[in-house]
Amino acid sequence: MNILSLLFYILSAMAVGSAIMMLLSKNPVKSILWLIVVFFAISGHYILLNAQFLAVVNIIVYAGAIMVLFLFVVMLMNLNSTVEPVKNFRMQLIGIISGGALFLIILSSLMKGEGKAQLVQMRVGDAGLIKNLGNVLFTNYVLPFEIASILFLSAMIGAVVIGKKA
Amino acid sequence: MNTILNLAWLIPVLPLVGFIINGLGRKSLNKGMVSVIGCGVILAAFVLSVMVFLQTKSGNTINAHYFDFIQLSSFNLGFEFKIDQLSSLFLLIITGVGFLIHVYSTAYMHEEDNKDFAKYFSYLNLFVFSMLLLVMGGNFVIMFIGWEGVGLCSYLLIGYWFKNTDYTKAANKAFIMNRIGDLGFLLAVFWLIAKVGSVNFDTVFSAASLAKLSATDITGITLLLFVGATGKSAQIPLYTWLPDAMAGPTPVSALIHAATMVTAGIYMIARSNALFSMAELTMTIITFVGLATALLAASIAIKQNDIKKVLAYSTVSQLGFMFIALGTGNYVAAVFHVLTHAFFKALMFLGSGSVIHAMGGEQDIRKMGGLHCHMKITSITFLIGCLAISGIPGFSGFFSKDEILVGAFSVHGYGPVLYSITLFAALLTAFYMFRLYFITFTGKFRGTHEQEHHLHESPSAMTIPLIVLAILSIIGGFVGVPEALGGHHQLASYLSPVVKSVTHHLSHSTEYILMAVSTLLVFASIAFAWMKYKNYQAEGNATGFGKVLQNKWYVDELYDVVFVKPLMKFSAFLNNIVEKKGIDGLVNGVGKAVQYGGRQFRLLQSGQVGLYVLLMVVGMLGLFIIQFFCKK
Amino acid sequence: MGEFITFPELFIWLPLLAGLLAFFLKGNSAKNWATFSSLIVLAVVVASLFYSDDKQYASYNRVNYYWLKQIGNSFFVGLDSTSRLLALLTAIAFPVIFITTSKNNYKNPAAFYGLMLLSQSGLMGVFVSMDALLFYFFWELALIPVYFLCSRWGGEKRIQTTFKFFVYTFAGSLLMLAGILYVYMHTSQRVFEDGTVSSHSFALHSFMSTMLSIKEQGWLFALFFIAFAIKMPIFPFHTWQPDTYDQSPTSVTMVMSAVMVKMGLFAVMRWLIPVLPAGALAHANMVIILCVIGILYASCIALVQDNIKKLIAYSSIAHIGLMCAAIFTFKEIGVQGAVIQLFSHGINILGMWVVFDIVERQTGVKNISQLGGIATKAPVLTIFLVIIALANIALPLTNAFVGEFMMFGGLFQLNPWYAFAAVISIILAATYTLNMIRKAFYGEVSPAVQGMKDIGFAEKSALAGLVLLILLFGIMPQPMIEFTKDALKNILAVLPK
Amino acid sequence: MNAILFSALWGIVMMFSGVFVKRKSTVSLLAIIGIVLLFVANAIELNTYQPFFYIDSWDMLRVNSFNLSFLAVVFGCTLLFFLLSASDILKVGEHGGEYFALIFFVLCGISLCATFNTLLILFIGIEIMSIPLYILTGSDKRNLKSNEAALKYFLMGSFFTGVMLMGIAFIYGGNPSASFYIDNIQLGKDALNPMIATGLVLLLISLSFKVSAAPFHFWTPDVYDGAPTVFTSFMATIVKVGAFFAFVRLFENSFGKIHTQWQTLLVVITVSTLLIGNITAVFQQSVKRMMAYSSIAQAGFMLFALFALNERAKEGLVLYSAAYSVATIGFFAILIKMKDYTIEGFNGMGQTNPVLGITATIFLLSLTGIPLTAGFQSKFYMLMAAVENGAHFWVVIAAVLLAAVSAYYYFRVIQAIWFKQPANANPVNEEEVSGSFKLLLIISAILIIVLGVYPELLIQWLYH
Amino acid sequence: MDIKYYIGLSLALFSIGIIGVLTRRNAILIFMCVELMLNAVNLLLVAFSKMHAMSGVAKASANYVADAQIFVFFIMVVAAAEVAVGLAIIVMLYRNTHSVDINFLNRLKN
């Protein structure tokens, strides 16, 4: 087992473990913090895959901006002190069972064909570098890039329309 | 030379014209005009019939095709008449007796409103038209048209006084019972169409067609035709309408329910003798049905107190005799009896009408008595009728009945038995007819004083037909004097081109003995009646067996219990349970199921996002399973 | 005239335009306009009878416009004998209805008469269309106005009842639509005169020349037949009918029972049997058995009906069942009988309704038990009724006798037992009809009938017209047989050679 | 291309108009001008295939007569929607300009969905379509139902965004050409690559959610019910057909060749959608909610386009979009003017407001699919396409039977309009019904009839 | 590293997200779980991009490898926009009801 595999397993365990912890913690703030841990773990995976740009963006945008926003809202609502009421056990069980079943079914459906092992390029490859991505983004992907601005405009308008105190 | 025969279509058309004029002009025409038109057209038809008769007597017959009625590539049916000896004989009876009855009606119905008077005559004319169509029809369908037409007219005339619920019920009963019979007729026609492809008499009775029919076919067809005949000619099991039909005006009873319509069955079987002669089973059945009817009706007649009912049952009984004749293959005898019966039964009905007229509408003989003093013509003519029907030698009934009895006796195997039972029925006839005569015309008057005061002889328009018919009742028999009595049986030889006359194998001496026996016994039974009823006192309702007879063996009640009530119950069951709960319930059930489904599906939409997502995830699971784990 | 406009078009457009116009008229003028326009249509239809020779006047009787041609449809209308006969029936029915019901005062007459005329247009369209899609269009279009008429102007329970009727028939016709589409997909291409080629065709002749396996024909037959059976209606699809007849305004009931039920039978003859011959043959026995059961069943139920409208409805179910059975005998005599009975039954039942509309309007009662002695109060009406009722029970020398005679004959030829069973209905029919006459018209005058008056000139002449037709075709049916003879070709062609 | 550009630009114009224009009528006028411009620009492109400004999209957008004519239908319907309901949009809250801006952004999203050629544009298009809708749903801020609807919509919507992305990821992963271009997906030589199959199912699921097909329809009744009625009208019609178009476009171009492999799934979805939509609608008392279920049912019919996936289906889809949208927009425009949204609320409308009554009846008849209305023609085309496809004929039979059920609930409203006695008060807010509004309703009704008689008018554009 | 491990990992994360959506009642937490699902997708996309970089087909063009990563970038963009709108809606609801518990969202039903 090489170091990459080891790192992969560690990061994977960290991601899944924190994700489960996020589910299990009663306190919303703690959930948010666990989620941030998951995001860091995923960023770690990106680095393993040599997707440096995404790793950075993930930390800045997700773990940074978005999660902070969540945290901010939770704080704003003063939910940190109150503990969320739990769903009744049966519903939770059904939820877990069906979520798990979905996982298994998708997984098994993927395994249906005779899959020859396909390897993933790790640690090398320059496609994920900022220079390359920037190049592609502003040439091939200029149209979606521009259009994404409309998304933000509408989100902005939405925030105004909805957020403004009536 | 056949101009007359070519004009034969006028015979039915004339009454039809009378019907139309009287029917449409019922508001504007006065009674005189109506009578003239009503009787005039029949008289004209009678005159034509006589001329036609003369033609046919000299052997001229005609099959006239007027227009196509139903013309298909596989089947064709014309509107055609067949005028031969048989039909022209019936033409004479219908128009002749019909005319007399029309004349009689002008007086009898004189008290009716102008409008109703015209209505009455138009119906009567329509009846004559239908009856003529029946006998003149050149194929089974035209015959059937007349067949149903007379049923209709009978319905209309029985229900002539439509405000009386009982009368209209009787009319319905007549029509429906007739229809049951008609059904048999109709099915026989279909059978013929299916097998022979034609319903034309000549075609069907031709050897080639008959050869196409198997024994089953012939038995089936003849049986079905006979069912038709039982309906129209009031035989068991379809006879009960005829006594009830007495609800109609008395001349109607005379014309329709004695002289003409009820003999349609005999005519039809005589007409189809070629078929019937080949169907032994049917013939046997006809004989026994006729015999049973003759006995049953006669037994009922003994205990009836309504003057018209007695005559009605007598008619049924006499029709039974005719069927015995038919069943024994003695077609000529049957036709002969039709002829004589038409005379004397019409006579008696008209006589009873005269009595009822005089009694102011009273029909119960228990309230009559001693009418002979008040209305001699009626009484004497009625007596002649009774003598004729009883079969006193010299009167017409004697000859025709004798021929039937002789025919019965000569049947191979059970002839003597048949003869004796038939003779017994004939004795009953003599008995109840004279019972009627004695109770009505002799003894003391038992009615109210006003009635007694009111008693009078009927006007001449009524008595003249009586007299004419009385004369005919006496002499009518001489057209068929048997060889044994030195006659030539002119009727048989006249009808021979159409109807094969039976040559019975009895020796003249046997015939003499038979005649003597029957005559003696008839006299005995008249004497018995004289003994019993010369001093008749009104009595209450009969008891014991008499009650059964008085209540007509409870046949009506039996029919009600066996057929009518179960049918109505079954229909109500269909209507209330099968229709509403079953079929409609099923239809509505689909609607209800949809609504129920709507309510259930609605519950899924509980408003809980968690549940929604869960259900959607389950849906995803389902789709994945279908896509990847279900065999295609 | 053939150059500019053809008869079948006139049949459709005249009532349609008249109907649309009627919506904008006020009060009585709508009524008069409707009567007038329906008489015009009658005149046109009668005129078309003189141009029925197809060889000589082909351009008068058949026309084909481009419409939806990309999918192989066209506005293809044409007249043949059966459709001409039914168009005539439609054209006769409407003026009679308008004249005899003219004393009924409907609120909002403009809408009422407008919708009536629209339904006439739809009916005409059903009878003349030669394209399956067009046929389906008219099939539905005839239904919609009737739905509105019944629901708006009907009795107390009108809404539920007519709604059931509507959904029921709508479901049926949608099944037919599915069937039409399936057959359509198996047609060959259609080339239009302007060169457009569509890969499939809705034309009747294309439908008739499809190659469908017997199995396909079998279930397609079921799809079509259910639609038609509901419309006719055939047992056990009939339960909408008595209630609907009862709850509809009588003039609409007249349209439904005199003309609309014929749509189903017509469709069977025009669309079902020629298009799916093997299916029809395979199912003929089953259909006939259903029909025969229905005949007896409906007749029995009619025996115990107190409501006259329902009684007539059940009697109509029995009669229609017989016609349907006769068609499926595939015997010349039976089918021919059914064809002429289409017309005869329409006339008779129309007459029945006319009489009972008058009775109901004057007495406000539709139950037999509350009536009695009408003959005393309205003798002329009674005479007409008796004649019409006798025609309805197929007395000889009335039009229905000829038809029923031939139909029973056909049934007998196919299987005597069917005929034996079905013929019993003749007795039952006589029983319930005569009982109804006896109770409602004879006897003592009941309180409800006290105020009744006899009919006036307009009603008298309309009824006299009907009675004349009844007698005319009863005594001389041959001309009508001649006229409709070619209708048999398509149906009898089903039989294996 | 013109459509994307103009809708985005005009969205921005409307956004600023909210700030600078105070008069409400000016705002709506501006919006109407915008949609007219959009329509015209699109029509010009449809005629010439030359956009005003050419942007090199690296083949990420594909423009052809089919999707342009579809967009023309969408813009035409939006025009009708604005004309009928602009005043009601402004009544929802004080952010009139913003609402219009959001609607234009949605149109931009629809334009992207109609012309996308890569999964990326599809994703962005669907998001641009969805996010403004979350906002519009919640735009009636004081109304708890509106809030609730917005949150439900948002939560479920983003959940299925995740599902869709998972699907896209698998498609990408299973595609040896490593491409997001929808016509460049290599489906495997013999057997279908399981990754692509999984991605396909996930995409099918998420797009089913967008078009509210069962069993992913649960959001629809609640959201349509809770949203301000005028936006429900917009969502149920224009947005829904937009999503449908994307759905069909994606599956036709990328998976059309392996149609039979996923047809069974579609049968299940179609039948359950028809069943649930129609049957649940039967029991509704609120007309608005009934229309939500009816829109599910109508989606079931539109799914036939996907089921059949042939030329006829595409024609049918365009026709269906137009027919369904016009009728629904018209009916909702009337519904907005009602005082009472229950079925009883319609009682006697035919007598008090005949014009509204007649037009509402025509709209409902069209939705039921009565001949000579556009609704019939569109259903007919769908069924025809399905039959032409040849497989699973029983689905067609099920569909027509359920269409008969649909008559049940549509006709309940018609019954209320014509055959029931009116309540004491006028069921309609009379003061809001202007003459021009009535005229527009009549025009839409006529449009429906014209399309019902001559569907070629619309269809011929496709083969322009 | 075999791609299967990455598929397993991201599916696990995805499923945990789904389970979270199914089991939690707090709207914010549900939303967070959705974000987790998106991240799982992101991870998978990046892994696939590197998988394609490994297999020969895509070597010709580095763009194809970049495609997926650009896609991930856009997912993040969209997620950000969604968060803005979503949190605004949640806040609005909280202002009106003082709760973010989805179980109490049942004014709209049936």
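Note that the chains take the letters A, B, C, D and E in the order they are written out, and that residue 1 is the start of every chain.
Simple rule for what comes next: a contact is a pair of C-beta atoms (placed from the backbone, for glycine too) under 8 Å apart; a residue touches a chain by one contact, two chains touch by 3 or more.
Bear in mind that the values here come from a model prediction, so they are computed numbers and not experimental data.
J.: Ignoring chain B, split the rest of the assembly into groups that are still joined by touch.
T.: one piece
J.: What is the set of chains touching both chain A and chain D?
T.: Of all the chains present, those in contact with both chain A and chain D are B, E.
J.: Of all the chains, which has the CA centre nearest the overall CA centre?
T.: Centre-most chain by C-alpha means: C.
J.: Please name the chain that ends up farthest from chain B once chain centres are defined by their CA atoms averaged.
T.: A
J.: Where the centres are mean C-alpha positions, what is the separation of chain A from chain B, in Å?
T.: Distance between chain centres: 102 Å.
J.: Report the inter-centroid distance (CA atoms only) between chain C and chain D in whole Å.
T.: Using C-alpha averages as centres, the distance is 42 Å.
J.: Calculate how many whole Å lie between the centre of chain A and the centre of chain C, each centre taken as the average of the chain's C-alpha atoms.
T.: 70
J.: If you average the CA atoms of chain C and of chain E, how far apart do the two points sit, in angstrom?
T.: The computed centroid separation for chain C versus chain E comes out at 65 Å.
J.: Would you give the residues of chain C that are in contact with at least 2 other chains, written as numbers and ranges?
T.: Within chain C, residues 167 contact more than one other chain.
J.: Quick check on chain B: which residues sit in contact with 2+ other chains?
T.: 591, 602, 605, 607, 609-610, 613-614, 617-618, 620, 624, 627-628
J.: Mark out which residues of chain A touch at least two other chains, giving numbers and ranges.
T.: Touching at least two other chains: 87, 91, 94-95, 98-99, 102, 106, 109-110, 112, 115, 140-141, 144, 148, 151, 154-155, 158, 162.
J.: Chain pairs in touch?
T.: Touching chain pairs, listed by label, are A-B, A-D, A-E, B-C, B-D, B-E, C-D, D-E.
J.: Could you pull out which chain A residues touch chain B in their complex?
T.: Residues 87, 91, 94-95, 98-99, 101-102, 105-106, 108-109, 112 of chain A touch chain B in their complex.
J.: Report the residues of chain E in contact with chain D in the complex, numbered from low to high.
T.: Contact set of chain E toward chain D: 3, 7, 10, 14, 17, 21, 27, 30-31, 34, 37-38, 40-41, 44-45, 48-49, 51-52, 55, 57-58, 64-65, 67-68, 70-71, 74-75, 78, 81-82, 85-86, 89-90, 92-93, 96-97, 102, 105, 107-110.
J.: Touching residues of chain D toward chain E in the complex: what are they?
T.: 119-120, 123-124, 127, 131, 134-135, 138, 141-142, 144-145, 147-152, 154-155, 158-159, 161-163, 165-166, 168-170, 172-173, 176-180, 221-222, 225-226, 289
J.: What part of chain A is in contact with chain E in the complex they form?
T.: 4-5, 8, 12, 15-16, 19-20, 22-23, 28, 31-32, 35, 38-39, 42, 45-46, 49-51, 53-54, 57-58, 61-62, 65-66, 69-70, 73-74, 76-77, 79, 84-87, 91-92, 94-96, 98-100, 102-103, 106-107, 110, 115, 117-122, 125-128, 132-133, 136-137, 140-141, 144, 148, 151-152, 154-156, 158-159, 162-163, 165
J.: Quick one: in the complex, what on chain A touches chain D?
T.: Interface residues on chain A, with respect to chain D: 106, 109-113, 115, 139-141, 143-144, 147-148, 150-151, 153-155, 157-158, 160-162, 164, 166.
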